[in-house]
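The letters A, B and C name the chains in turn, as written, and every chain counts its residues from 1.
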Amino acid sequence: MNEIAFQAKQINLKEKVFKKTLTLSAITVVVILLAIFFTLLINSMPSIKALGGKFFYDKTWDPVADEYGALPFLVGTLLTSFLALIISTPFSIAVAIFLGEYYKKGVVAEIFKNVIDLLAGIPSVIYGFWGLFVLVPIVRTIELKLNLPPYGVGIFTSSVILAIMILPFSVSLSRQVISMVPSHLKEAAYSLGATRFEVITKIIIPYTKSGLFAGLLLALGRALGETMAVTMLIGNTHQIPTGIFSPGNTMASVIANEFSEATGKIYTSSLIEMGLFLFVVVTIINILGKQVIKRFTL
Amino acid sequence: MQIEKQIAHRNKKNKIFKGVIIAGTVISTLPLLLILFYIFRQGITAINWQFFTNLPKPVGETGGGVSNAIVGSILILLVSCVIAIPVGIIIGIYLSEVAKSRLAYYCRLAVDVLQGIPSIVIGIIIYEWIVRPMGGFSAFSGSVALALMMLPSIIKSTEETLKLLPESLKEASLALGVPYYKTILKIIVPSGLSGIMTGVILSIARVIGETAPLLFTAFGNPFMSTDIFRPMSSLPLIIFNYATSPYSDWHQLAWGASMLLILMILILNIITKIVQRKWKVQF
Amino acid sequence: MNFKKMVFSLLAICITVTFISCGGNSNNNASDNSSAGNKNEILGAGATFPYPFYSKVFDVYNTEKGIKVNYQSIGSGGGIKQLQNKTVDFGASDAPMSDEELSKSPAPIVHIPSCLGAVIITYNLPDNPSLKFTPEVLADIFLGKIKKWNDAKIIAMNPGVKLPDLSISVVHRSDGSGTTYIFSDYLSKVNAEWNTKPGTGKSLDWPTGLGAKGNEGVSGLVKQTPGSIGYVELVYALQNKMPAAALQNKSGNFVEASLKSSSAAAAIDLPADMRVSLTNTAAPDGYPICSFTYLLVYKDQSYNNRTEASAKATMDLINYVIHEGQKYAQPLGYAPLPDAAVKKAEEILKSVTFNSKPLL
């Protein structure tokens, strides 16, 4: 009798420990996230206090004069990300329709699905490396033809690489929502004599609008934070880009370039403030995207 | 007549559209083929015995290799796995078991946010949390950064896999008197092992090429090092440093390293597919 | 429910407090292995300017003495910052630390010169002709005022050279660079407009041009971009077979960078702490953009958990660099330290202590 009671107690203890461990681990994740946010916030305080809103509309980033205006990088970030989105969206929708509607199963589907997955798997630094040696000479030739200085690097080059990199992200979500359109809607349209084209454009796309939008949002979030490929291809200048072929800088690439050597409180703090900004914006976009998906799949 | 013309017109639009879609898809896949082809062509000439066994040579001298970067990448990854896998699986178990509580909601939210954090921000965070207090750069800090990035995918795939298992499995075990913790650890988790492993392998494939988090954590090292509390080299760092340099010798090494990295990622992806097929537990 | 809430708040409070104290305090005095150092491994970081020289010397040092020196060329600004954060054993910078930077450091830092280098102007033109520049023309190019290679002012300076109708793409540093400091220091001395803005510094607000990381990045970009012009240390141009322009110095002579012209530029009175600028030298055959490059260490080596053994190892290394290591400078295009500089450097080394005891 005692033996069994003892064993039961032991098991109870192990149960408790196990359950508490589970709970603890979940708490840990939340705490880590909050800690990340607060670390960023606290370390940005010196520059938030010193510069305030000026940080966002001052177009001079001059460490010598201790002036830190992040406008050029904000512009660079937005320009490259939105340009990348514009370039990749037609293709991502095409691929999503291809995989979600025309070729849902079979060898062709498998091949292209794997290719898109592989695109997502290539590390950023390799994209940058390839871009340096393949894209940049091509862009240089274009620039020479257009009578522009043949930098090769710049906003355009970075946007093209970004577009390639974010394609898989919007495709994966869009493909899913397109393939989940209820058959009876499509069948009803077919039975009324609609062509496939008409079913896609008049039934599927409107139905999946929010899902597609969420896919684009997620791709945008990804583009905003992308660092390595952009650093290698954007030209790294502190000026506001004047055209799509001019060099520029994004917030992420400035941090990568200057963080390990920023001396001085305000300098370091300004860089961290950019990190905070990126964190907040990307988080909001991601949460928005996920909300849209949730509403869609319900 | 009118109707036939209209129908023909609509059919034509239909065909053209399909062609456009196919063309768009093929064009989208071109970059991948171009990149892979280019890297393999450049990289294959760089791969030789020296590449794998030599250490980097002083600037401007030929004959260097990337042995320390290969070892470094593997070591840093190993430590990340040790940190991230147990933690990730446990959290995944929690989320699959407790679907509805407030904590679960916030936890899922936190995981989603963590997944989206730009890798450079993770680098800043780990620099402040670990490198500065530790007084120096280390492979360990790099591993922690990578572990943070691996967590979301491990957690998610564990949760999804375990959710797919039928309730009857757990109920049968509990009905037989097996304690809850044993049920989870010895029955549920092993049944979902294929999905969990898939998630783990995919997360490794994701972080093996990450550079930004290692820039100010693992820092880099021209020598072979196995001390995780000191700076360590790694393949992505080498690629970044050599690619932007003027030395064609270094470019060659970077191509070789890129090819190696892509091969590793390809192999990991193939292993995932094999695991998914062979270990599929049918219910 | 209660347990959860309790643990959550406790954990959150603990971690937040830890990070507040870690984050707000730049003078972090936490302990641990890395700053204690390992006497068989020395960690340094900083300037890319002398990187070819250092990487050779450290490689030889490893072969001869078995000690591994891990030097990461992240730029002079990075070297200074990491030394201030005490994450490295020594820093390296071409730009001597300013009074302000020194006052912001947790403890006094000394500068030990390791070699002499020259910042040359390299460019990418068809047939790579030899070009000459005057200070005004050079400043105007980097200010963005002269935009094309076939500008009248450049042609006037270089009669007989076929200059194409190509835009000038300026390439500068994107990271905090001692090389930038040296170059901008020179331009500030010879051009009043440059002196006002952008001025002198490691990280400038460049009026025009592309940024690249490290001397390596600048030479890489110039090598690949037709019509580009950039400033790099002499060895990067030599190793990559890129041209170096002749510059007009203070005495009016057009001088090319060489060991002779670098050493000539350094033949001046050197201050005891060796923080000196050699640019725009008065020496008639001196190259106008030369500089010492420095190794930086704390004067008092007993900080954090640093052991005497590793402090001594660091000092031995620096001692080696300024003596036996000098013979590797010349083949790489750096000028070895003039005797006067070596003597001053030895004095500085003797002043470095560990627990008030000199190490050498």
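By definition in this document, contacts are C-beta pairs under 8 Å (C-beta built on N, C-alpha and C of every residue); 3 or more make two chains touch, one makes a residue touch a chain.
What you are looking at is a predicted structure, and each value in this text was computed from that prediction instead of being measured.
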Required minimum of steps from chain A to chain B, each step between chains that touch: 1
Chain pair whose interface holds the most contacting C-beta pairs: A-B
Inter-chain centre distance, chain A versus chain B - centres from mean C-alpha coordinates, in Å: 16
Centre distance in Å when chain B and chain C are each reduced to the mean of their C-alpha atoms: 36
Contacts with 2+ other chains: residues of chain B: 103, 128-129, 244
Interface hub residues of chain A, defined as touching at least two other chains: 23, 27-28, 30, 35, 39, 43, 260
Multi-chain contact sites of chain C, meaning residues that touch two or more partners: 4, 19, 23, 212-213
Complex contacts: residues of chain C adjacent to chain A: 3-4, 7-8, 11-12, 15-16, 19-20, 23-24, 26, 74-82, 84, 101, 104, 167-169, 174-176, 197-213, 221, 224-227
Chain B - residues contacting chain A, complex: 10-11, 13-14, 17-18, 20-25, 27-29, 31-32, 34-35, 38-39, 87, 90-91, 93-95, 97-98, 103-104, 106-107, 109-121, 123-125, 127-129, 148, 151, 155, 179-181, 184-185, 205-206, 208-212, 215-216, 236, 239-240, 243-244, 251, 254-255, 258, 261-262, 265-266, 269
For the chain A and chain C complex, residues of the former touching the latter: 20, 23-24, 27-28, 30-31, 34-35, 38-39, 42-43, 45, 60-65, 67, 136-137, 140, 144, 148-153, 231, 235-239, 247, 249, 257-258, 260-265
Residues on chain A engaged by chain B in the complex (per definition of touch): 11, 14-15, 17-19, 21-23, 25-30, 32-33, 35-36, 39-40, 43, 90-92, 94-95, 97-99, 102, 112, 115-119, 121-130, 132-134, 164, 167, 195-198, 200-201, 221-222, 224-228, 232, 252, 255-256, 259-260, 271-272, 275, 278-279, 282-283, 285-287, 290
Of all residues in chain C, those that touch chain B in their complex: 4, 19, 22-23, 28, 30-36, 38, 41, 43, 45, 51-52, 55-56, 58-59, 62, 68, 70-72, 85-88, 212-214, 216-217, 219-220, 223, 235-236, 239-240, 242, 304-305, 332
